[in-house]
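I've put the structures underneath this note.
Below are two complexes that have chain A in common, paired first with chain B and then with chain C.
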Partner chain A sequence: MIEKKIKIINKLGLHARAASKFVNLANRFKSKVRIIKNDDEIDGKSILGILTLAATQGTEIILRVEGEDEEKAIQALENLINNKFQEPE
Partner chain B sequence: MKITQWLKQDLIIEELNGQTSEQVLKEMVNFLKDKNLISKEKELYQKLVEREKLGSTGIGGGIAIPHCKFKWIKNPIVLLALSHKGVKFNSLDGKPVHVFFLVISSPDNPSLHLQILASVAHLARKGGNLIKTFLSAKNSQQIYEIIKNEEEQIS
Partner chain C sequence: MKKNKSLEKNSQSENFISVKEFFNDGKQLLELTLISSSSGFENNITHSKIQKPGLALAGYVDFIHPGRVQILGKLEINYLKELSSKERLKVLSKIFQKKMCCIVLTSNLDPPDELLNLANESKVPVFKSSLATSQCIERITNFLSKKLAPKKKIHGVLLDIYGQGVLIIGESGIGKSECAVELIVRGHRLVSDDVIEIYRTSEGRIVGSAPPLSRYHLEVRGLGIINIKELFGISSITLEKEIDLIIELKKWEPDVEFDRLGYESMRKYELLGVDLPLIVIPVGPGRNLAVLTEIAVRKHLLDRKVYPASKEITKELENLLKSNQVMNDRDDE
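And then the complex of A and B:
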């Protein structure tokens, strides 16, 4: 199991399209993906789950990834967040 | 935040006539226009259609959250629209959509936009049960009561 604290840096935060990109990417891996924000913990493969977090720009989340491909998965997901979901701002 | 802060009883379409995504989006926009809640309805419709092209807001489980940021409104608008027969909406799970939450917000406040989407998501996460209860409700008053009760349980 790997955990990593990551800051949401894109202007719009974890909005719907970003959430859907995150879920698409997470689904390419076998590992379980959880996102924790304060007291909330949700399934990182659920768009609705991610939307309930209302993670705005500047929010710190914890990614918790567990499974056989956890290292690749967390790297890919972290890159997606740090690349601002490949959206122009 | 509660969705009922924005979603009012008169912002519920009990049954959509349209069968395609374009038809129902137009229907929802026209509904808001008829209530004088928006102007520039053509632009709004266009923005919603463009947003769907980027990836369907049909998130699966019979629910869609079409949304966009629209500079011609001040306060956000949330509209609930039902379709008993279901609408083809290119949903992520390929299933027809029965429950639409339309969310229109101002580009000036991305944080508020996220909070509204979150309140919709909290409600929608109730899953199939909620859809069934919505679809078996008699009228918009009953649907509104269901939402209010659900939100009291969530918070």
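And then the complex of A and C:
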């Protein structure tokens, strides 16, 4: 299991399109993906869960990935967040 | 709602709310108005039970609890008003030496000036409620016990099936939401998809509801997020439901053995320190999950309701046989 603290840096935060990109990417991996914000832990492979986090710019989340391809998965997901979900701002 | 993190897994986890949250969320229900300054809004309420100062007004202040809402009713206020202003100040000063989170005056009573001054000095917010004392106490206790109950967010789908609160869990992608859609089409009701907020009642029941943002919604891969209330109408949803049964959908793997006789239906799953009955359903080709879930609920109802009855009838029969035996023996003599 790998855990990593990541800051949401894009302007709009985890908005709907960003969330759907995240979910699609997470689903490409076999590992379990969890997002933790404050005390709430949600499934990173499901869009409704991510939307209920309502994570704005500057929010710190913890990614918890567990499974055979965990290293690849956390790397890819972290890149997505740090690249502002590949969206122009 | 804040939670003491280190105790998160402990069923005794100590929760608290600030006086600010108490006022903001409870002012309508409890008919509160703030009559002091708002300093002390960061004080914490830790108990759902209120406290009436009673003997504290006579000088015995040892048992004043800082985390409990102090209630002053007609009796207390009239008693205070009958004292001379010097005595009143003495008594109240002693009380305010103790830490208190906040004070609520019931029946729209006005506090003596000394009380308000001391409250402002010691940063104890004072509220006025138009409710009668007994009603006010009842509502505050109910309101706080809900607010202070242990709570948590979990992943799964919560439905009302045949009046039973059924929580479907399982890995993402296993088909929980698809199973839920089919159950809704079959006339059952959705509480929440994906994220479920649960809390434990004082009776030790687990109650689940949807976070406001995802309420009425469900995600089906390929269709996206759909609004169940709009698509299927008001009778297809329910806001809150006690969880009676947990169904886990599990990938069918050849080397994992599943229950074949139904003897293991007494398996348990723990939520917030409460054990709930768990049924594991293997997912495989040709298995209609919605129908299987329905049957699992029927079976659960049957296990719970009919089994004791059958036990009872067996017992009655045994008693009858025994007494007949006795009579027969007598006849033989």
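Here, the second predicted complex is superposed on the first by the 89 of 89 C-alpha atoms of A that agree within 3 Å, B and C clash if a C-alpha of one lies under 4 Å from a C-alpha of the other, contacts with A are read in each partner's own complex, and residues count from 1 in each chain.
Assume a residue touches a chain if its C-beta (ideal position, glycine included) is under 8 Å from a C-beta of that chain, and two chains touch if they have at least 3 such contacts.
Here the structure is a predicted model, which is why all the values come from computation and not from measurement.
Of the two partner chains placed by the overlay, neither chain B nor chain C lies in contact with A:71. With both structures placed on the common chain, the touch criterion links A:54 to chain B and to chain C. Contact with neither chain B nor chain C is seen for A:3 once the two complexes are overlaid on the shared chain. Of the two partner chains placed around the shared chain by superposition, chain B is the only one that A:11 touches, whereas chain C remains out of contact. Where the contact sets of chain A with chain B and with chain C meet, they give residues 47-49, 51-52, 54. Residues 54-55, 57, 59-60, 65, 67, 92, 110-111, 113-115, 117-118, 120-122, 124-125 of chain B touch chain A in their complex.
Only residues 11-17, 20, 47-49, 51-57 of chain A touch chain B when the two sit together in their complex. Remark: chain C residues 3, 5, 8, 152-153, 155, 171-173, 193-195, 211, 213-214, 217-219, 225 touch chain A in the complex. Chain A contributes residues 27, 32, 39-43, 45-49, 51-52, 54 to its touches with chain C in the complex.
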